[in-house]
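Each chain gets a letter, A, B, C and D, in the order it is written, and its residues are counted from 1.
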């Protein structure tokens, strides 16, 4: 079988680095083009020395060239810019996998509310499929445009959606507190992110109206079969490079049943390779999933308050971004879903 | 004025080290005796090299000697052992400040439920005062036995109690997610705490029935003027040495009023030196309080869900243990409350 | 081609975990047996949750069973124990790759001097090949017993040996200062290694007569073609999980020639896939090689003192232990040398 | 006694923060003015929240105002700018303590060679005293301008100078490898210093011709009584906030004598409060001196190579910068040398 020819557009950040890492060793991919306006002309190893073996260079993005040369394009751009590339590339027959936020939110009103600009392409938005394979695998198989979920949303939707879908927990009073490693802020040069400001520090930020919130609410509402829901999502920054830990407090809709919870997870993830539900009483740890495409889920019922506490971990750059993008590509191109990801 | 003569009993852990640090430089204290069965006979600098200037040595605990020599004894022992020292020392006229858990919980039933042993001294328990100065200052002035609050409880009671006391938030559905640095686990030699297991790791533990829970519930119920309440407290371990970050989700009892919240905090802490409430919209960071006796509190109202999100930080070894113990001592002995703590 | 059937003996430490990680995904290996006396009977995922997909369990070591079932055995045991397994397994026709120290040092006197016990098997020692592929590839192809180099030695021999071999630097006054991450101490439960003792800490240890010294001196002397040499090797512990940084100060034998140095490295490593020599003026960083089998080398000549400063980095668990062991296996079994390692 | 009125000029970096921390609680100092062009008008707690109790604000620097109001001015400016303030302030009778590099190097040629600009004030340079109290205490007592040593130099000169002064070690072949925490790079917003680039990273930088080198060489030559010497100084960046660890390799001039070394250190530091020499065989650890003004020194003789290995630790922001500046102030103003520093 011919290799899938791939381009990464905007690859000089941490998600871009992770995509390069995964695609270089992917047995069915030929990574042809890696763009970065800022670094154009440099070898990728000049920015990411671990790729010293690769002859690849950053180039300035050239849509016509990518359209001619590639089968799939991964977009790793700041929000607002994806449409400019996605439209012509899709017209040229490529599949586009966007790891920015532009095509995740179905509602252009919500997009504007949270991103403060008009949606750059409401037409294209209609074609986009939300790239969470464990929930939208069939749609991904046929999608031209796959909107990769955000890192926090992945860590929250995976553990919560099956319980909502089974009607086991309420759509009200969902509360999520998440801790993220600093790579989640991107490769951003800002005082808040220099080492002495992050090390020996724990802080919350964006505790209301974080940009990932509408995406999480949209997907949890869909899982629950309701039009909308409102929840709290409170992110924190902790001094690790990678990893998200999400703690989710849920209210059971009826008398708690451990069997029902286990059954809902078994139904949702019994055959999934990248989601593992721990045996009751065990809790996850970010270090167990670092540099893997896995989401680990644990849960404990508190008979004291009647709440169910669900905890999940992912690597924010892998299952939370670039690994999931590769999983989507594998699905879209009919490959073994785990190819290049184990 | 004659110096207050002090003993620390059981001083070879991190709380003990912090007590030594604070008492050595306290201008009104003469640190006479530092005990540790395990390290008896060694200079304290053999265990804690930063005290190289001090001639003090660890000794085996000798109650008669302490009773004869000291005015105050700090107990930094594992739970269950405090009474053995507290009873004879109080009889000898000393003031006892216990940083273990033995005298924090008023209910011996709760103590047994959470600590799995009978309370070692229900009689003495009746005399104990909960050593949170911002709430029990007057009682501390006259106490023979001061039960220093736990680290998590301090970080949760300080930001929450004034809002409950003012009737601004409900006693139901209180949810707290806390992140603690690893020194919170004590100077414990255990696989779970070696560096490669903690670094690049975030994990939850004790998510139901943590031993600090009954203490938090007791104090929040007291603040609210109710007999009891049930809440969720979910602690996490993050890779820092020091610091606790607590995120508290509260439900306002009436239409949210920023002015009412501010007024409640102003009333509670307007004259407090060790609690600072940030201006609206600002959130705390553990690094702002490291090695200080301060608690920093920030809050944000989420009009989306109607919940109030309150965040607080303390240094778990200072305001969360030994600094608070020194603050209690200052109060009990009629000293300036901040002496040795700025 | 039939898969190579592999056993790991003593796999419950960090080197064992890294071997499991590499062998599970190695396309030409069938990992049959993983032993640990302490963890026998447990699934490997009970100890290392990231291997949740694997059905493998730890077993108690059973030499006869391993001999019958496997083609290669990796030994990841404390020093002194390797011979007990190596002798019968080699007799049964297996190839043995030992990542302990038992067969690295040619001199039984030196072994006794540094390890304080008699060498457990001087006979077998004669058969052992030092498993540094970049220097002993041809011998490794035929070896029954491969003694994998230590982590520090790998980081020091690779950058230094070619310069000694070319006569460009003196065998006298070689000074090496190395920084290692804490996983280099093993999965050891000891007060010195708990998080609060290692975080925000830098310390030296074993600054004279470290156990890796005779191995380094032996290989550098061999490279230089002299009987022996004496050097300083000063290791430090720094708060990272992985990575060794070695700084090597060398005295050129003649007027410094950048071309000669570059030529010596080009000759030694021009065709090597796992050693990369940086262009002049660039220096390595441990993060560039984390979780890879690469050694990165940079050097700067100081015309002020006339010394050549060479810096190198490896991942102590990969090129410094288990990755190198897999590279040795690939060579021994006639596979592509990089198989499973990219 | 009237309080010493102090100004800090250029206080928005980490050394500035440490100076504020030390001076605010100094019992004999009245901190009057804190300048920062960038932050002028803001409360100091807006930048450094731990100073929330202080009413002080940053102001734009106003030399006339400082001259009128203060007795001492600390300069915490980038190099090249100190003279502009020092000249008029000294003329106005203030004492100036400069923690920049401008007045440390006696030779204007060396200054130009390493800082690439002409020295801003060769006249004033002649008046400057090198502010290392353990070596220049008497001169500091009378100095108008005190040039505080750099952080690396402090960590290297203190352990090395007494051995050179006693003729016990050679001035040739001195080799120093140092590890520094990231605060040593200043509060600098640069890609190289963001958390994900520093965490899990060890790297060398400036391995030849580091700007601290001429200062170290100048002081070691002075201690040895020679005109000049040439040495290697190789700094590394490690993932801690604070702390410098220096490893110094020295060649004894005669047969090694443990007694002579101990005697030299006893003579130099027997009465010093801020330098502690460990008993033979013990080695320092940066965490033992964090947030203290102490330098801890340990040493081991290697009979294998005949080299003496000396290790030292300081807190780069305290003894390496602001703590030493306060020690200098105490000396200059006739105060107890340890005042405000214990």
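In this text, contacts are C-beta pairs under 8 Å (C-beta built on N, C-alpha and C of every residue); 3 or more make two chains touch, one makes a residue touch a chain.
These numbers come from a predicted model, not from an experiment.
Engineer: I want to compare two interfaces, A-D and B-D. Which one has more contacting C-beta pairs?
Structural biologist: Looking at contacts between chains, A-D has the larger number.
Engineer: So which chain is farthest from chain D, going by the mean of the CA atoms in each chain?
Structural biologist: Result for the farthest chain: A.
Engineer: So how far apart, in whole Å, are chain A and chain D when each is placed at the average of its C-alpha atoms?
Structural biologist: Chain centroid spacing, chain A to chain D, equals 47 Å.
Engineer: When the C-alpha atoms of chain C and chain D are each averaged to a single point, how far apart are the two points in Å?
Structural biologist: 39
Engineer: Mind checking the centre-to-centre distance between chain B and chain D? Centres are C-alpha means, answer in whole Å.
Structural biologist: Chain B and chain D have C-alpha centres separated by 37 Å.
Engineer: Which chain D residues reach two or more other chains?
Structural biologist: Those would be 181, 197, 199-200, 239-241, 285, 290.
Engineer: Per the contact definition, I'd like the list of chain D residues that touch chain B in the complex.
Structural biologist: Touch residues, chain D against chain B: 25, 49-50, 52-53, 200, 273, 276, 285, 288-292, 294, 296, 342.
Engineer: Could you list, by residue number, the parts of chain D that touch chain C in their complex?
Structural biologist: Checking each residue of chain D against chain C gives 173, 175, 177, 179, 181, 197, 199-205, 207-209, 213, 230-232, 234, 236, 238-243, 245, 247, 249, 283-287, 290, 300-305, 307, 309, 311, 313.
Engineer: Under the definition above, what is the set of chain B residues touching chain C in their complex?
Structural biologist: 14, 181-183, 187-191, 193-200, 239-241
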